[in-house]
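Below are two complexes that have chain A in common, paired first with chain B and then with chain C.
Showing the complex of A and B:
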C-alpha cells in the first residue's frame, strides 16, 4: 500500500498531471458488496447524482449511469486510477460484476483507466472467473521481503533514529548516537535476530519497537537493551500456556485427565463422563484433595469450554444430554506439562499424578 | 519518535492521575504501565490496536475504564454481547463519540463504508484528535463476517485518524484468526491473581464494625474451601460477602470471642461446604440462602435439601403410561440390543453358557451416553415391562411425541424416515430412578451396566 501511495503522490506532484488524474481508492474490507462499492465510486467521482455526500438511485441505475459515463469518454478525458485494496475480497462478490466491468473498460478504448489491485494472496488469479481473467493483463508485481539480517538492522536503525529535520539538533545527535551504540550491543542484536528469524515482516518489527519505545519515560529517557528484551517477552508469550496457568486446581486436574484421555483414545473426542471418571479415580486415591461433587466439577468443565480450551463437536448438540456431549481437546500435552511446571503452589501429589498421567507422551 | 521530548516537560496532572489509578486498582501495576505507554500521552499517536486478554474477573475492563476516566479522553465503549447486528455496532460507536450531532433516532448507518465516511466527517467537524474504541467481549465479533474484525483492526489506517481500537476478551488471540489476514494487535495478558492478591482485593470490602484482621482471617477460611474450585474473583467475593453474617453469628450470640478463630472455623466450615454445593452452582439463590440462615436455624442438612429439591428436576409428575414409556426408552438407550432377550423375554428356555467375550475395559454405556434406538424396540420393551394389556392406541403414540416436546426424549432420525423413527433418551439416571420408584419398578436390575 505504501508503495502505491508513494507512486500516486509522485504522480500527482508532477505539474502536467495535476488536473488529469482522478484517484479512486477502494478497499475490500469496507466495501462488502458491489452495491456499496458502486455508491462509493460515484461519490469519489463526484458525479451528478451525488448531493453533498449522499448518493441516490438504485444499484442498476448507478451501474448504468457509471458505465455510460465511462464509455462516452475518449482519450482526451481525465484518466482514472482505481486502487483496489484487498483485491481478493472483491473476487467473492456476486458474479464479480464490478471487477468485470472495470477490466472491460480497461480493455476497450474508452476513458483511460488503470486498475491496480493489491492483495496478499498469491493465487488471486485463480479466484477470477474465466471472462474476468481473460480481460486481466496478467502483469504482476510481487513484493517479497528480500533482505538479509544486515539490511534488517539498517531498517531498524532508520526506524529508530530521528530524522534530519528534527528541531533540536543536539538532542538528535545524542539520540542517534545512542541508537547506533545500542544496536551494536549483543543483547539487542540477539533480540532482533530472533525477531528476524521468526518473522521478517516490517509491521511486526514496528510492533516490537513501539513496545520498546513506549517504555521510555522521564526517568529513563533512552532505550535500553532491557526494553527490547521486555518487549519481546511481552510479544512472544505462549498465550495458551499463560491462560492455563490461571486455572484453578480443580480445572487443572480436569485438563490433565482430558489430555491423558485424548492420548489414550488416539485423539478421538471425549465427553464429560469420561473426564469425571478419571477425576474420581484420582480423588479417591489421593484423599487429601477433598472430593468434589459432580455438579461442581461440571461447572469447572463448562468454564474450560467457555475459554475454548475444549470445543464441542458440531452436530448432535440437541440430541445429547450435556454430560455426554463430545468435545475435542485443544491442548497439547507439552503445553500442559509446561504450564504445570510454572503453576504456583502445585500440590506434590498432583504433580506426581500429572507426571504419571502424562508420562506416556513423548 | 518524539517521545523523548515529552520526558522533559514534567506534566504533573498525569503523574497525579497515575497515582490515583494505582490507588484504586490493585495488583495490576505492570499492565497499567504497558497500557499507559501504548495509549500514549496527549500529543502522541496511540497504538492502533491492542488486544487485552485474561481470565474472567482479572480487572481488564476495570483498569481500562479507570484509565480512560482519569485522563478524560473521548472514547466509545461497546459491549459486543449487546450487538446482534453490525448496525448496532456502528451506530453505537458514532452516537457515543459524537453525541452532540447524532442521536439514536436520527442516526442511520448500516455498512462499514458509511461508518467510516461519517466517522471521518464528524471527527473533522468536531476537531477530535484522539479517540479510543473499546470492544468488550470481543470474541462475539467472530459471529459476524470476518471482514468486520479485519476492518476494525485497521481502523486507524482506514480513517487516517489517531484512534486506537482495544479489544477485551477471555479468549486467546489465536482463535480470532480466520482465513483472511488480520492486522496483528499488540497483545497484553492479564494474569490471574494469586492467593495473596485475592486476599488483598477481597479485604477491601471489609464490612464496618469489624477489624480488617478479623475479616482477613475469615477470608482465609473462605479461600481454603473455594480456592481449589474457582479462582474467579467475582465469585469468591460474592460467596465471601454472603456467608459473612453466618461467620459472625457465634460472636453476636456471645458464645465465642473474636479471637477464637478455631471455634469460628469449626462453626463455619460445614456451611461453606454446603454453600459450595448449592449457592456456588446457583441451585439456591442468595436470597433463599440468607433467609435460611437468619430466620430459622434448624437442622441445616434437611432444610438445604428442601431448598434444592425444587431445583432437582428429578420430580416431574407424568401419566402412568408415559412413565413406563420413558423407562422403556431409557432401557433401550442404555442397554445394547443383544441383551434384550436376557432381560425381557419371559421364557428363555435353556440358557446356553456362552463364553463372555466382553472386553473388560470396554467403556460402559453410562459413560458414553445414550444410543439411538428404533421405535419398535422401545415399544417391545414397553409391552414387556407393563404388566397389563395396553392397546397401542393413538394416545400412546401421542404421549411419545409429548415426551419429545418435553425434551425427555429426542428424535435422531431425519424427517424423511417417518416410517422408522429413532429416538434417544435424554434423562439422567437419577431422574429415571425416581420415576421408576413411583411405579415400583426396579430399574437397576434391568440395566446391563449395573449387573
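Showing the complex of A and C:
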C-alpha cells in the first residue's frame, strides 16, 4: 500500500498530470457490498447524482448511471485510477459484478481507467470467475521480502538513526554513532537474527523496535542490548504457557489428567466423568492431598472451559447432562510440561505424578 | 425531480493524451483490447452465419432467437457487434428494413428482473418499475397492433438472467415466437450446454436449435489476429508473435491473453531501449523472442515458488514440517499440534532454537493468509487442520537449497 501511495503522490505532483487524474480509493473491508462500493465510487467521482455527500437513486440506477458516465467518456476525459485494497474480498461479492464492470471498462475504449488491486493472497486470480479472469490483464507485481540479513541490519539502522536534517547536530552524531556500535554487538545481533528468522516482516520489526525504544528514559538515554532482549522476551511469550501458570493446583491436576487421557485415547474427545475418575485415582492413591468434592472439581473444570483450554465438541447436544458432554483438549503435552517447570510452589507429589503421566508420551 | 435531468459526465482533462509516433508506442495502442479493428480476422464464417440469420429475419418480418456460446475471449461479442455495425450501415442506406439495436449485459444488471426496465428504457426511453415494465413489454410484443420496427436484442452473459422461476429467460425467448413481435434475440453465454443444463424444457425448446459455438482460437488464428493489428508498423518479430500464439493457444485460446502479452512485451522492449542509452539514436527496436519470453514468464508463472523462496527460515521449516507430517501419516491433512511436533523436531535437528507454540501459530496463520497453506479458523487452536495449497513437489523444489 505504501508503494502505491507513493506512486500516486508522485503522479499527482507531476505538473501535467496534476489536474487530469481522479484517484478513487476502495477498501474491501469497508465496502463489503457492491451497493456500498458503488455509492462510494459515485461519491468520489462527484457525479451529478451526488448532492453533498449523499448519493441518490437505487442500486440499479446507480450502476446504470455510473456505467453510462464511463461509457460516454472518451480519451478526452480525466483518467480514473481505482486503487482497491483487500481486493480478494471484492471477489466474494455477488456475481463479481463490480470487478467485471471495472475490468470491462478497462478493456473497452471508453474513459481511460486503471485498476490497481492490492491483496495478500497469492491465488487471488483463481478466485475470479472465468469471464472476469479473461478480462484481467494478468499483470502481477509480487512484493516479497527478498533481502538477506545484512540488508535487514541496514534497515534496522535506517529506522533507528536520526535523519540528516535533525536540528541538534551533536546529539545526532552521538546517537547515530551509538546505534552503529550497538548493532555490532553480539547480543543485539542475535536478537535481531532471531526476529529475522521467524518473521522477515518490517512491520513486526518495527513493533520490536518500538518496544525497545520505549524503554529509554532520562536515566538511560541510550539503547542497550538488554532493551532488545527484554522487548523480544515480551514479544515471544507463549500465551498458553502463561495462562497455565495462573491456574490453581486443582485445575493443574485436571489439566494433567486431561492431557494424559487425550494422548491415551489418541485424541478422542473426553468428558468430565473420565477426568474426574482420573483425578480420584491420583487423589486417593498417589497423594496426601485431600480429595475434593465432585462439585468443586466440576467448577474447576468449567473454569477451564471458560478459559478455552477445553472446547466443547461441535454437535454435542444440549440434552446431554453436563458432566457427560464431550470436550476436546486444546493443549499439547509439550506446553503442559513447559508450564509445569515454571509453576510456582509445585508440590513434589504432583510433579512426580505429572512426569509419570506425561512420560509415556513422545 | 432533480435526478431526471442529470447527465452522466466525467470531467474532461485539461491536457489531451499525448500521441507518440514511435512504432512501439503505436503498436501498443493498436494492441489494446479495446482497439477493435475494422474487420475481425478468422471469424468470417461465424460472421456470415449471424449476418444472414439476422438479415433473413429482417426481410421475413418475423422474430427468432439464436444462441452463441464459447469460452471467454473468442470474439463472440465483437463479432455480433461487427454484424450489427454493418447492418446499421445497410439500414441507413435503405438496403434492409428499419430496426432498432439494443444491447443488454447480464452482469450490468443488479437483479435479473431489472432486465425488463432496462429493455423498456432502451426501447422507449421510459422509466418504469420492473413489474410494470414487464407488462408494457408483454403488450408491445404479444398484441398485434401498430406496425412497428424490428428490434434486435443482444443479451450478453445470459446465464446471469437465471432466476428460480426462470421467468426472465422465458419471456426473452417467448416474445420472438409471436407472429407480429418482430423481435430478434441473440443470446451469448460461455457454456455450450447451457439450455439443456439450467433451462426448463419449455424454454430450451423455444430457444430452438439455431446455435453457433465459437471455438477457441488456434495458434495460426491468434498469429493472424496479432499480425493484422500491427501490420505495417515494423515493431514485431514474426517469430515472436508465433511464440505468443502457440503458448496462448496451448493454454486457453483467449485472444485477450495474446494481445495482453504482446502489449507487455512492447513495454519491456521500450524499457530496455531506454536503459541501454543507445549510442546510435533512432535505431529501431523490434520486439523479439527475449522480451516475449519475459512477458510470458511474468504472466504465467505462479508466484508461490518465489514466495516460498523469499520467506523466512522458520516459515520454510514450517512448510518442511508439513511435508514431513504428510510423509509420516500418509494423509494430505494434519492438525497444527502434529505439525508443531515435527517443527520442533526439525529445529532440534538443525540446531536452531525452536519457536514457542504462539510464534508457530503466528507463522501458520501468516502462511495461511497468503494461501501457501489452507488453514481452518484460529478458534480451534492446536486442533485446526492444515494442508498445503500446492503439491509436495513444489515445496521440495522451492526449499531444496
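The definition used in the following text is that the second predicted complex is superposed on the first by the 360 of 362 C-alpha atoms of A that agree within 3 Å, B and C clash if a C-alpha of one lies under 4 Å from a C-alpha of the other, contacts with A are read in each partner's own complex, and residues count from 1 in each chain.
Simple rule for what comes next: a contact is a pair of C-beta atoms (placed from the backbone, for glycine too) under 8 Å apart; a residue touches a chain by one contact, two chains touch by 3 or more.
Everything numeric here is computed off the predicted structure, so don't read it as measured data.
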Chain B versus chain C as contact partner of A:72, first or second or both or neither: second
First, second, both or neither for A:306, with chain B first and chain C second: first
Which of chain B and chain C A:239 touches, first, second, both or neither: both
First, second, both or neither for A:112, with chain B first and chain C second: second
Partner chain(s) touched by A:29 [first = chain B, second = chain C, both, neither]: first
First, second, both or neither for A:186, with chain B first and chain C second: neither
Contacts of A:120 with chain B and chain C, given as first, second, both or neither: both
Set of chain A residues, in rising order, touched by both chain B and chain C: 120, 237, 239-240, 308
Residues of chain B defined as touching chain A within the complex: 1, 3-5, 7-8, 10, 33-34, 37-38, 40, 47, 53-55, 58, 111-113, 116-117, 121, 145, 147, 150-151, 154, 158, 170-175, 180-181, 183-184, 186-189, 191-192, 194-195, 227-231, 276-277, 280-281, 283, 363, 366-370, 372, 410-412, 424, 426-428
Chain A residues touching chain B - in the complex, by the definition given at the top: 27-32, 36, 39-40, 53, 86, 88-89, 120, 160-162, 168, 171, 175, 203-204, 207, 210-211, 213-218, 221-222, 234-235, 237, 239-240, 242-243, 245-250, 271, 273-274, 277, 289-290, 292-293, 295-296, 299-300, 303, 306-308, 318-321, 323-325, 344-345
Touching residues on chain A, where the partner in the complex is chain C: 16, 19-20, 22, 34, 45-49, 51, 56-57, 59-61, 63-70, 72-73, 75-80, 95, 97, 100-101, 107-112, 120-123, 130-131, 133-135, 137-140, 142, 144-146, 194, 196-200, 236-241, 308, 311, 328, 330-332, 334-335, 362
Interface residues, chain C side, partner chain A - complex: 2-3, 6-17, 32-36, 71-73, 107-111, 114, 117-118, 157, 160, 190, 254, 256-257, 260, 263-264, 298-300, 302-304, 306-307, 310-315, 337, 340-341, 344, 352-353, 355-359, 362-363, 366, 369-372, 379-383, 389
